[in-house]
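For reference, chains read A, B, C and D in written order, and residue numbers begin at 1 within each chain.
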Amino acid sequence: MSTPISSRKALHEWKLYLFIVPAIILVGVFCYFPAASAIYHSFFRWSGGTTKEFIGLQNFRDALGDRIFWYSFWVIAILVVSNVIKLVPSILMAVLIHRLKSDRWQYLYRVGVVLPMIVPGLVTLFIWKFFFDPTQGALNGFLDATGLKAMLVWLDGMMGWDVFHEGIPIAWLGEPDLIIPSLIIWGFPWIGAVGVLIYLAGLQSIGTEVYEAAELDGASSWQKFRFVEFPLIMTQVRLSLVMLIIATLQGFGLQFLLLGQDGGPGGRGMVPGLWMFNRAFLAGEFGYACALGIFLFVFILGLTWINNRYVRVEK
Amino acid sequence: MSESSSPAKLDAVTAKRPSDLGKHLVLLLLLGISLFPFYMMIQISLKDNSLFFANPWLPNAPDTWKWGNYLYAMRLILPYVANTVVVSVTATAGCLAISIFGAYFFARYKMPFGGFLWAAFLLLMLMPGVANIVPLFAVLKGLGLLNTLWALILLGVSGGIVFTMYVLRNFIEDIPKDLFEAAEIDGASHFHQIRNVVIPMSGSIIGTLAILTFLNTWNDFLMPLIVLRDPQLFTIGVGLIYLDGEYVKPWGQIMAAFFVASLPLIIIFMFMMKLFIRGLSAGAVKG
Amino acid sequence: MREKIFNGIGIGLLALCFVVALTRIVLMNKGRTDDGRKQITLRLAHWQLENGPREAFEEMAKAYMKLNPHIRIEQIAIPERIYPNWLITQLVGETAPDLIEIGIGMTDELLARYFVPITPLVNQPNPHNRGTPLEKTPLRETFFDGMEGGYNQNLFEYYTAPISGVTIRMYYNLELLEAITGSRTLPRTYEELVSLCEKTRAYAEENQAPIVPIAGSRYNGPMLMNLLFSSQTQKLSERIVPPGLLEADPITAAGAYLRDQWDVETPEVRSGLELMRDVGQYMQPGFIQLMRDDATLLFVQKRAVMICSGSWDATSIRLQSGFDLGVGRIPFPSRDNPKYGKYTEGGLSEAGTNAGLGFGLTRNGPHQKEALDFLLFLASQRANQIWTDVSGWIPSVIGTRAGKEVEPFLPQAEGYLRGLQITIGGGFADTTRVFNTNFHLLVSPLGGVDAFTNAIRGQYPETLVSDLHRYVRTQRTLVQRGDTQLGALSWMASRQGENRILQQRFDTFLQADSFNQQQFYRARLLVEQEKSPQP
Amino acid sequence: MIDFSLSNGRKRFCRSIVALCVIGVISPALAAREKPTPGLDDAWRDAAGFLIDEANRIFAETKASSEDQEIERTLGEALTLLNIQPRTASNLERAEGMLKKMAAKEGRAGVFARYFLARIYEMYSEPPRTDEARAMYQELLRSGGDDPMAERAASALVLMEIYENVSPGERARRFEALETMAGTLKSPSGLRAYHLNMGNGYLYFPKMEGSARKAFDHLMAADRIGITRWQVESMTWIAIGQLAERLGEKELAITYYQRFLDRYQRDNRHYSISKALEALREQ
């Protein structure tokens, strides 16, 4: 913890404040000022230019009645849940790596984990977009080759989705009902390099004796995981959980690039961020977009508060 | 800190454990799948459309490789790469410099207002970036920074500061106080203390943070898309998006372009991998 | 230790890249700044990423720069998908290029606020036509469409001088065609089209070749189907539209529907739908879920005998396809067709085709004078010749010679008016939505015309009415907006009576304004009659 | 390009840093750029050019130097108030108030004021105050002289009357009443608008007996005055031709078809009309 300091010393150390000034200026101008201005503009009908009309709370009222906006939260909810599940592979990977005997292998696997991460995100994204392509895409090719397609068609027949048909290529990003599934499938097997590495960091603090104790009790490897390893990486998991939720709520690049500004056919993939972007830079309703942003901010703030309040785990 | 201590311990443990074959299989499978896009990118990048349709999955015979794709890709992407490098490097440097000082400020003493400022900074982590795009756009317009690389650099810096400072602070606080005191007694100014104590002590984490910030700016495409107008200034992000907008897609050339776009990072990482992995594995990012 | 070195190398490499990149950028800008006299850079933004246009703009720019060495022309090609938000970002951010292609994402609002009308110039000759037969002709008269394509009906201003025109055609893979039919003659009527498709099916069967007759996508498929549909409703339209109009405008169509003069079960409409389904069966299964480039790819990969697309795809397709390309007009059912001849007049006329692809002059541009001059240059016969020769697109300036590859695309006067659209058109969004969301029923193997009509019959009446309400609202705002303009124009006119152009503009404005009001009242009458019918 | 170069980036950077500190403090009206104060003529031009918000600002801010100018200014402000974004009831009331003040005035300003008051009643207020509008229009026709603005009331009245949701009988009666108006109009534009609206009205309600003939007469009258908007002209000529054909005036039909064909070479209707003409000639 930083050492407490007497006001006299502080006065004498005034120069220290200069250290923080650049940070304050930059953050102030490029983060806080825009935020403030967003709040300010949310009370205006503002097309981004010089003319703006004060309209009080109208924007917020409109937002409350905005079907698409609320639908987008529904989409986000689904995505958040699926993303939480997507943590599992990373955890699994970390544990497996950690349990390996040889250090050299451990290291090699770490390298392996990092590799995909240095392929620029956009590239991965576009490659996946290409996988989803109905006619040339890898995904359909795979499904056809393995006969899974036939199964899907059969399922479709059972459930009456009217989505998968024999001999008709599956348009993952073209068929409204498949948009959200596609968004979930995206990035399989969902290994997050940073995630895996920090879990490993957590696991390293497990002392030998713990394992030995477990061994003596003849604990199965699942029990070992449940009672020895998982508690230890809980902190990291929670951290990445928070980060992940925030990122999911704020992010819309994925939807923007895969589906376009309208959130794909039927706007099924519309997320709050994208809707904001759409209103601002497509409809030119900048003021309204600001209002939406504020809703989003409050929402995220609330979530994080809840998280810190209840999901807390003692280290 | 580093894994230097772990081997002995682990060997002791693992001695009694069954063979790792199963684990290896699972791991390799996972890795294989997550590297599959990479594979597709490379093998398609050497085909033209007709070759690609003839056989989409396996690499084609070396004598039919279409190196022309790479010529095209180079001509297209290299300028973008150059711009991106300039932006990312400058942004990373700036971000680190500022954050180190900032973190030092918070970590060293409990200065008056320190707590308040800290809270203010942390709040930022929650703000939806999108919410600010519009006013941010207005700010940049007001500063005459639209359609400049400076805009991207400044945004990169200000975007990275908070997180970097957050992590660095924890680290500097873990540095034994007496080191600082000793330095102080030798009459070292704060600058000296940062140079001689902070930086050496937290080298690996600084490296990791540098790489993270670098990656963020490198991968950003939204701001460039909004800020930049002139193709001469495009960063990789915008460049790729424009490439994706073509009506008839020459997949080979596109994949080649993707590969060229990834190359710089891959090369750099080949060398700095250890640093990065150690930094993160050292529990850099604490809860 | 070894790691230290590695890191060192890594950082070193990075530093090297950085320095190189930096110098490159600096030099790049140097080249631009230090060349003696003041360089002016004009920027030209468009979304024509097809093959052809970009090269053509390059050539035209070269020609222009030869005339004005101190001017550099840069073109910025923006993908269609991000064009709308790119546009608004640049306009609002006041970084907009000097000349921007008008179309996607453009609204009257944006046009009026950020663009400069060129109306004052349309009655003077184009200086860049000097030395050509058009030397003395007023700008407006130098376009085959009288520059209608550059005119904004709502703002009563000319905002651009369009440089090209577009028509829709059938593209054929001649080699496949020959392999299948033994000759290279293109089908002229729907009947011939069908027989070709059948032959193709058979051919694919016996040769085990993955070939479909027509390459379809959610872009190319409906394009062809809607055209064919409107051939079936021609006689229907003639029954319902009042004299003079001939083509059914939204109000007439909606009114007729509400007066039970037609609905989705009317023989004409039904036959149109059947025609759509029939032709749809010849496209690859599931085409309605595919994208534009999927269809093009299928065609250029020799997996389809034909594709229906606009003249704008000609060069892309020609360059991509390694085979001889045939281009023909859409084959419509002939009058003696046993099934589809009853209700049709014949093929559609293209005489009214307007020129398109025009650039707007932005207000905030630093070099408006030069930009305007370049705009006029683009509209000159000479530039238009370059345009059509290089891009393979249709020329818009009178006297420009179309190359033999462009010829088959030129608008054909012969033909009749298209019949009533089932989607009404004219911003009838809900009706269109209902139509589109159920479209897959019309084409999918499980569906059928009945499935389709059953699905939409129920929803049609109320969507039509709700659309009418919207129409009334928008038409009303249009009229209201007109009031302020009317006042201003008439005030100015009474002030400067001698100003001929202003007088003319005022005069035409008055006529347009009364027409808008009439449409508003007719629409409102329909709505009210729906609420409380009169005996 | 120059501005975006890094070569003079340092200058730019310093500048921006300074600017940064400044905007840290000031209000977000960053984008606002100062322009030289424009006059009323610019305002009218803006209004005509659909830059209504801009025009309104000028009208509102200009300090009138003379009585006439004040009238002009108020008029302009009222007219722009009708359409500035967002449309609000208060704007409408203010506009109405200003116009009411000037309605009594002699000369153009008065005519304008009365005309747009009528418009407000007809097109803006929810629900429309039809009777007040009707009264105001009739008043205009009485008092406005041959001012084209005043005579525009005639065409407005026609539309109001015939497209109201009334029984066919009532509508026929209204058409009857409106017929008399023709004599009172003098200005070409007013007269033309009146005839066109009447003619198209008859076309739109073909069930009324004699409507074809009436439509024909009105359109002919409009055409005699001269139609300058090609969309309207081509439509009218074809309509006249087809009506003439129905009314058995073959020669007239031929002339008008021919006129259309000569004038409108590139029109989707060209081919069909030429066919119709041939058919007509063969009879």
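Going forward, contacts are C-beta pairs under 8 Å (C-beta built on N, C-alpha and C of every residue); 3 or more make two chains touch, one makes a residue touch a chain.
Small disclaimer: the values here were computed from a predicted structure and weren't measured.
Central chain (C-alpha centroid nearest the global protein C-alpha centroid): C. Taking each chain's centre as the mean of its C-alpha atoms, the one that lies farthest from the centre of subunit B is D. Inter-chain contacts peak for the pair A-B. For this pair, subunit A with subunit B, the centres built from the Cα atoms lie 17 Å apart.
Centre-to-centre spacing of subunit C and subunit D amounts to 28 Å, using the average Cα coordinate of each chain. In terms of their C-alpha centroids, the spacing between subunit A and subunit D amounts to 53 Å.
In this assembly, the C-alpha centroid of subunit B lies 59 Å from the C-alpha centroid of subunit D. Residues of subunit C in contact with two or more other chains: 22, 25, 28, 81-82, 89, 92-94, 113, 297. Of all residues in subunit A, those touching 2 or more other chains are 26, 29, 33, 36-37, 41, 48-49, 136, 277, 281, 286, listed in ascending order.
Shown for subunit B are the residues in touch with two or more other chains, namely 53, 86, 135, 137-139, 141, 147, 149, 154, 226, 230, 232, 241, 244, 269. Note for the complex: subunit B touches subunit A at residues 3, 6-7, 9-14, 16-17, 20, 23-24, 26-27, 30-31, 33-35, 37-38, 40-41, 52-53, 56-57, 98-99, 101-102, 104-112, 114, 117, 120-121, 124-139, 154-155, 157-159, 161-162, 165, 173, 177, 190, 212, 215, 218-219, 221-222, 226, 236-237, 240-241, 244, 251, 254-255, 258, 261-262, 265-266, 269, 273, 276-277, 280-287.
Every residue of subunit C that touches subunit A in the complex is listed here, in rising order: 81-82, 84-85, 88-89, 92-93, 105, 109-110, 113, 218, 285-286, 289-291, 294, 297-298, 437, 444-446. Subunit D makes touch with subunit C in their complex at residues 1-2, 4-7, 31, 41, 44-45, 47-52, 55, 72, 75-76, 79-80, 82-83, 108, 112, 116, 119, 123-124, 148-149, 152, 155-156, 159-160, 163-168, 189, 192-193, 196-197, 200, 203-204, 206, 215, 227-229, 231-232, 235-236, 238-240, 242-243, 265-272. Taken together, the subunit A residues at the contact with subunit C in this complex read 47-49, 133-136, 162, 165, 167-169, 171, 174-175, 260-261, 266, 277-278, 281-282, 284, 286. Residues 1-5, 7, 9-10, 13, 15-17, 19-20, 22-24, 26-27, 29-38, 41, 48, 89, 92-93, 96-97, 99-103, 105-107, 109-124, 126-131, 136, 138, 141, 188-189, 191, 194, 197-198, 200-202, 204-205, 207-208, 211-212, 215, 235-236, 238-239, 246, 249-250, 252-253, 256-257, 272-273, 276-277, 280-281, 286, 289-290, 292-294, 296-297, 300-301, 304, 315 of subunit A are the ones touching subunit B in the complex.
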